[in-house]
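These notes are about the structure you will find just below.
Labels run A, B, C, D and E following the written order; every chain starts at residue 1.
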C-alpha cells in the first residue's frame, strides 16, 4: 500500500530572470516503511521536490501542476489549514544544516513542545514527556536535562538528532529528509545513518532520503530515484540501479565516483555542466552532455518507460534492457 | 628517493592573548583566559618528488593549517619546513621566497578564491608578469596557453569569475597556480565544493597535469574515496596530530590506528549492498580542550589506562608510521 | 561582561577627555565668556576684576590644569552664568531629557515594530513597500521641521495638545518627572513624537529586514514543517529573533536620542539638558559644556551596560561566552 | 487671579545681586525694591525712599518710607540699604557685579533709621538713578544687626550674607516687593504669588507663573495655543497675525536701546577693509557721512523691523533725558547720490571693500539689519560682506578690535544721554570708565569735555543741555551711525493690558486686567 | 570625484537596472534626485537671481508672497522672497548647491580617510589595529550631532568649518565599515592566492583588497550623504552652521521658521520641501541600491 504517490509534480519559480522549472514532471510512489533515496546533482530539484510534498515552497515558487497523493488525499488541493495539520504530524521533514534548523533563541523544550501541541491538545507535561522519550530514542544521553538547553549548546550531530527527534514526535507516516548528513563529518554521519536505519525499521515510517551522495543511498535506501534538471530520469531498486544503471546520466554519475580498487585510473566524466534551469533545452535535458544522444533526444522529451514493475527510465536510448546488462 | 618536501616537528598554535583591558578584568575576577589551540602538533613527514600524498582527517583536525604553513601563508610556531633542501620555514627570507613560488595552492571555494573584480586574464597572468615569466605584451598568449592546458577556452580570458560555473572557476584557480610554473601543488579540499560529475573532471585534470608537468601534490581532503583514488601515500590526522602514515594500499587494506580503522570502516561505499553502520561512539572533542594522552582515547574501543596518560609517538616501522600505544607496547 | 564594561568605560573616558581638551581650548579660542556675561555698563577695570575672579587672567594651560585637577576631585566647576555647580545644574536638567528620550523610545518601538514586522511579512506587496517608502520619509524629515509642523497642526490649529514647555511634574523618589502626570504627559507627547519619528523609521526598517531575513531561515521553514501556526511563527520565532538586534540598536540609539534632544528641546522649549547645552555653548559657559560631556559619557556607559544585560537575557548564545565578543 | 507669562529670556538667578543682566533685573523688581523707582519712561519716582535731595556737591539725603516690612515681617530701615550695598561687591561667582552702580558711594550716614545720607567722592548727579538699579535685601532676616555695620567701600567686615542658592530655593527671597517668590525652577518656570502685606497698591494677580520660552516660534505658538496670557518680545513678523487673531493684542513702545554701527577710527590698515592700499577710509569724515546717508533707515524699519522700530538720529530717543526734542535731531537723510559724490570727493570713487561684523542672536533681526545695510552700501560701490556670529563670539572679537565696522546695540540703563555718550563715544579711559564700549576707538576731546562737565553738574537743566550738546557734536562728526531705536512689543490676550516701558522690562505688577 | 562615484555605482548596477527600477517609487526617486542635482549644479544659470550677491537684493522687495514681481516688474518671485528681498527660488537653488556640496565633499573626504584607515588597520593588525580601532570606537561612541556641535562650538561658524566637522563626525564610521569588509575580504582565499603567488603587499592591498572594499561603501555613502545634509541643516538651524549670507537649505529654513506662524509660510516651507525632496530621494535611491546590490536578497 503506498503512503505517497506523486504524479507529474511541477513546481516552478517565477523569477525576474524567467520561469525556473525546478521540478518539471516528477512521478514516484512510496510504500509504507520504504526508504527512497532521491539523488542528483546540485540544483536538480531534489529539495524543491521535498518541499513541494509539504507545500513549503517559498515564493516566488509555486506548485503549478500534478498531484501529491498522501494516503489517497491530494495534498496539492488541500486547504492551507488542513495542510498545516498534516505537517509535523503525519508528514515530517528534516533539513540539511543542523545549525540553522533549530531556532537559536528558543530552548529545545519550547521547540519540541510546540510541535506536539500544534497537533495534540495535551498538557505541557505530557508533551514534555513525549519530547523526552523522543530524545532518548535518537540516542541523546540524559534527555530530561538536555531539554532545557539551547541549540548552540549542542554539537552539530546532536542538533541533527534533536531535529530527527522532533520529526518523530507525532509518529509520522512519512519523513522527508533533505541531506541531513551532508554537513556532518564521516564518523558522525555514520552514527546518524545507523540511528535512522534502526528507527525506520522499528517504526515502519516511510522515508525519502535526499542526498547527492550515491554512496550513502547505496547503504540505506530500498529504492533510488535519480534526478536531473527537475525530472526523475531513473528509478529502481537500489542495487539494480547502482549495478546496472539504465540512464546515461546514472551511468555517468556512477562512473564519476572514485571506487574501491580503481586507484589512479581515469574516472569516466560527464562532459559539460548542469543546465540553466531557466532555459532548458527542448527535448531531453541531458542530451547536450550525453554520449548517446541523437537528433530525437534533442527535440523530443522522452517519456517514462516502465522497464519492470519497479524500474522506470526516462530515456530514448536506455542502456539496460529489462533486467539485462548494458 | 630524496624528499622534495620535508617537515620536521612542525607545529602551529593559535593563541588568543588577553589585551590590557582583559587582563585588568581578570584581576578583578572575571573569568577570561587565554585560549590556545594546538592546530598542528609536531607534524613530521616528507614528500618525494612526483609523489601524491593525501592528508585526511575530520574537520578541525588541522589539515588546512598544515597546508597553509607549507604554502607559506601561515608562519609556523615551531619546527622546520625544507623544500628541496632549502629551509623555507621563514617565509620572508630571500631563498624561501623563490622556493615558495614553486609551491602553489589550490583552494576549496571556487568563488572566493578568485578576485571578483579582475578578469581571468589578469588573475592568471598577473603573477607571471610580475615575476618576469612573461611580459605584459605577451601575457595574453601566455595565459591562453595555460587556459588551454586546464581545459578552458582561451576566449574566456576577458570574462569575470562570476560568469563561470563552479568547475570552470576551479580550473581558473588551477591555471593561476600553474602560471608561475610550480612543481608542488597543495590542494586543500579543492574538489569538495564541486558536484560529483564535475569532481570527476577536476580529479582527471589533476592527474593529467601530474603526468604532463611532473607535479608533486599534497592532496588535502576529508573524502576518503577521493584520496584513495588519487594518492600514493596517506597521512591521517586527528585533532592536530598525525596518527598514521602509510601507502594508500596498505592503509586501506590494513589500517593500523583505531581511528583510521573507524574512518575507513565508515565511509559509505557504492556496491556494498545495504549496509549496517557500525559507529565509533562520541563526538569529536573541542580542539580548545583536547583530551589528555592520546586525543582519540575517549572514542577508542581499544583504549587502555596508558592512553589517557601518555601521548603516543609516531613510530616508523617498515614504511608505515602509527602513533598508537597498541603498536608501541600496549595500552596498559 | 566585565571585560566589555571595562572596555566601554575606558573608551568613554578617552572620548570624554579628548572632547574636554578640544572644548576647553576651543572655547578659549573663540571667545571670552566675560564679554557677554558682564553688564555693558561695566568699566574696563570691572571687567578685569571679573576676569580675575574666574581665573581667566591666567595662562590657558594653567587654567586647564586647575580645571583637570578639580575635575579629578569630582568638581567640574561652577557655571559662569548660573553660579551653580555645573554638575548640579545638569542633574537638575537631566530627568526632563531622560524621560523625554525614554518616551520617545517607547513611541518608536510601539510604532516601529508592528509596522516593520508587517512590512517584512508583506515585503513584496504594496503594503510592505508603502511602509518602507514611508519610513524613508520618516528618515528624511529634519527633526526641527517635524517639530514645528507638529506644533502648527496639533497645538495651534487643532489645539489638542499644549505647544511647548513642560507640564506638571510628580515627585518620584525625589526626581521630578512629568511622565506620570496626565498634564505632564500631554506636554511630552509632541516632543517625544518628534524625537521618535526618526527612530521609529529606523526600527521599522530593522524590524522589516529582520523579519524578512528570519522568514527565509531554515528554522522558520522547520517550524512550518512542524505544523506550527503562522501566528506563532511570527510572534514567537521571528519576533524573538529580531528583538535582539533591535534592542541592541535601540539601546545604543538611546544615546543619540539624548543627543538629538538638543534640537527637539530647542524647538519645544523643553527644559532639558540639551537646551542647557545649546545655551551654554552660546554663552561660552565652559564648565557646563564640559560637565555635560562628562555626564553624557556616564549615561552612555550606563545605557551600554543595561543594553548588554538585556542582550544576554534575550540572546542565549552570548550567555555562555560571557558576552566578551 | 492667575497670570501666565512667556519670557523671552530666562533669568540666571533669583539672587538680586548675582548678575547685572536684563532678565535678572526684571525678575528682581517683583520681589526686591530700590530706594528709587523708575517708571515706564525711566523717570525716577519714590519707592522705598519718599524723597531725596543733594545736601551739597558730595552728599545726598534720602528720606525712607515708613511702615514697610519685608516678607518675613521685619521692618525696613536704612540699615537694610547699607547691608545690601555691603553685600554687592562680594557675591561669589558673580559674572557681572552691581558694583558698577555702587562704586560712587564713599560712605553712609544714618542719622535716624528712616534717613540715609550718602557721601560721594565727587559731585555725582547720577546717584539717584543708580539707586534705582539694585534691590534691597533685609539685614535682620539674615541675622545681621544693621546698626553694627561698619561701612566702607572696601568691605564691611565679617557679615553673614545669604548664598545665591538660597535665593533660588526661596529661603533668602525676602523682599518688600509686590510679589513673593514661590519657586524658581531653572528652565521650567518661576512662580510668584501676591505679597499680601505690600505697602503700596496690591498687585492685580494672585499668582504669576513665568515660563522661559526662549525660541520665538514656540513662544508665540504658546500664546496662540492659549498656554500663556502674555509674552515678551513676540517676533515682529507675527504682530500682524496676533492683532488680527480674535482675543489677542499687541502693545508696543519705543525702548531706550539704539542699534548703531560703530566704525574703526583708529587702526590703519583696518582689519576688514580692502581695496584702499592700507588706508583706513573711515578716518575721513566724508566717508563716514557717505556711509551714513547711504543707509535707507526707513526701509530698514519698514522691511526688516516690520515697522516696529524708529529710525534714529542720535543715541537716545526723543523725550528722554539728554535727548533732543522730537524732530530736532532727525535721522540722517537717505541720499545715495550724495553718498557716492562724497566718496569720490574723499578719493574713493570706486568705493572699497568692507565687512560688517554683527551678532546674529542678540538684537531683534540683528544680522538681517546688517545684511540690509550691506545691500545699501553695495549700491554706492562699497562692496560689503557680513560676518555674522553668535553673540559670545561677536563680543570677544569686537573687543579684540577685529572688526572695521560692527553692528551693536546700546540700552541706556540710566535712561539718560550720559549713558551712551560715556560708553560709546567718549575717548577710552579706564580710570574714568569712559569709552568702555567704544570699540571703534573714537576720540574727540570736545565730546569728552562736555561729558565730564555734565557728569559733575547736579543741576538737571544744565546737565541736560550739556548732554544734548555732546550728542550734537558727536553726531556732526559722524562718530557713530545710529540706525534705529528698537520698539519693544508685548503680546497678550485682550483681557489684560500693559503700559510699554523704555527699559523693556516686563513687570507683572503693571500688567492690568481690562475692566 | 562625483563622476567617479556615479560611474562606480553604474558599473555595479550593470544589468540590474530592471531590478533597481521595480516600481514607480524608484523612477520618481531617481528622477527627482537627478533633477535636483542638475538644478544645484546649474544654479547660477537657472536661478533668476544670485542670492549671494547683495547688490541684486533689494529689501524693498522683502517678504513678498509667491508670485509677486519686483518693483519694476522685471522679475517674478515665484516662491516669494525672504525679509532681505532674496528670491526664495534662487535661495533654494543655491542653498541646494551649498547643502549638497557640503555633504558630498564631507562624505567623500571622510570616506577616503575611512578607507585608508580601515584598510591599513585591517591589514596591519596587532597593535596598530587596536589603536586605530579604539580611536574609531572613541569617535563613534558619541552621537554625531554632539560631536559636531562641540566642534562647531570650538571652531566657530563657517562653511569650511562645517565641512571639517562633518568629516570628523563621519570618517570613523567608514573606517569601521571598511575594516570590517577588509577583514572579511582578506580572509577570502583570493588574497591568500595572491600572497602565495609572491605578489608584493602593496600590490595586494591596492589591486586586490581595495577594489573589493569600496562597493559596500557606496551604498552606505549615499545614505550618509542624506544624513549629512540633515545634520548640516540641523547645525545651521541651531545657529552654528553656515554663514548667514550664504545660506544652505537648513539655514533658509531656520530663517523662515520665524515667519512660519505669521502666515509667511513660503520662506521656510519651500526650502523645507526642497530639503525633504533631496534627502528623501537620496535615501530612496540608496535604499533601492542596497536592495539591488544585497546578495542575500537577490533573486
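A few points about this structure:
Assume a contact is a pair of C-beta atoms (placed from the backbone, for glycine too) under 8 Å apart; a residue touches a chain by one contact, two chains touch by 3 or more.
Bear in mind that the values here come from a model prediction, so they are computed numbers and not experimental data.
The minimum number of touch steps linking chain A to chain C comes to 1.
Most remote from chain E, judged by the distance between CA-atom centroids, is A.
Chain centres here are means of the Cα atoms, and by that rule the chain farthest away from chain D is A.
Computed from the mean C-alpha positions, the centre of chain C lies at a distance of 23 Å from the centre of chain E. Chain geometry summary: the mean Cα position of chain A and that of chain D are 90 Å apart. Rounded to a whole number, the gap between the C-alpha centres of chain B and chain D is 87 angstrom. If you average the Cα atoms of chain B and of chain E, the two centres end up 49 Å apart. Residue positions 30, 148, 152, 156, 266, 282 of chain C are each in touch with at least two other chains. Shared interface positions of chain E, defined as residues touching 2 or more other chains, are 156, 239-240, 257, 260-261. Residues of chain A touching chain C in their complex: 51, 54, 56, 58-59, 84-89, 92-93, 95-97, 100-107, 110-111, 114-115, 118-119, 150, 152-153, 163, 166.
Listing the residues of chain C that touch chain A in their complex gives 124, 216-219, 221-229, 232, 236-237, 240-241, 244, 314-317, 320. For chain C in complex with chain B, the touching residues are 1-3, 6-7, 10, 322, 324. Taken together, the chain E residues at the contact with chain C in this complex read 23, 25, 134, 137-139, 141-147, 149-151, 153-156, 226, 230, 233-234, 237-240, 250, 253-254, 257, 260-261, 268, 272, 275-276, 279-280, 283-284, 287, 296-297. Those residues of chain D that touch chain C in the shared complex are 12-13, 15, 18-21, 92-97, 99-101, 164-165, 168, 185-189, 211-215, 217-219, 221-222, 224-227, 361, 390-393, 395-399, 410-411, 413, 419, 423, 428, 430, 433, 436-437.
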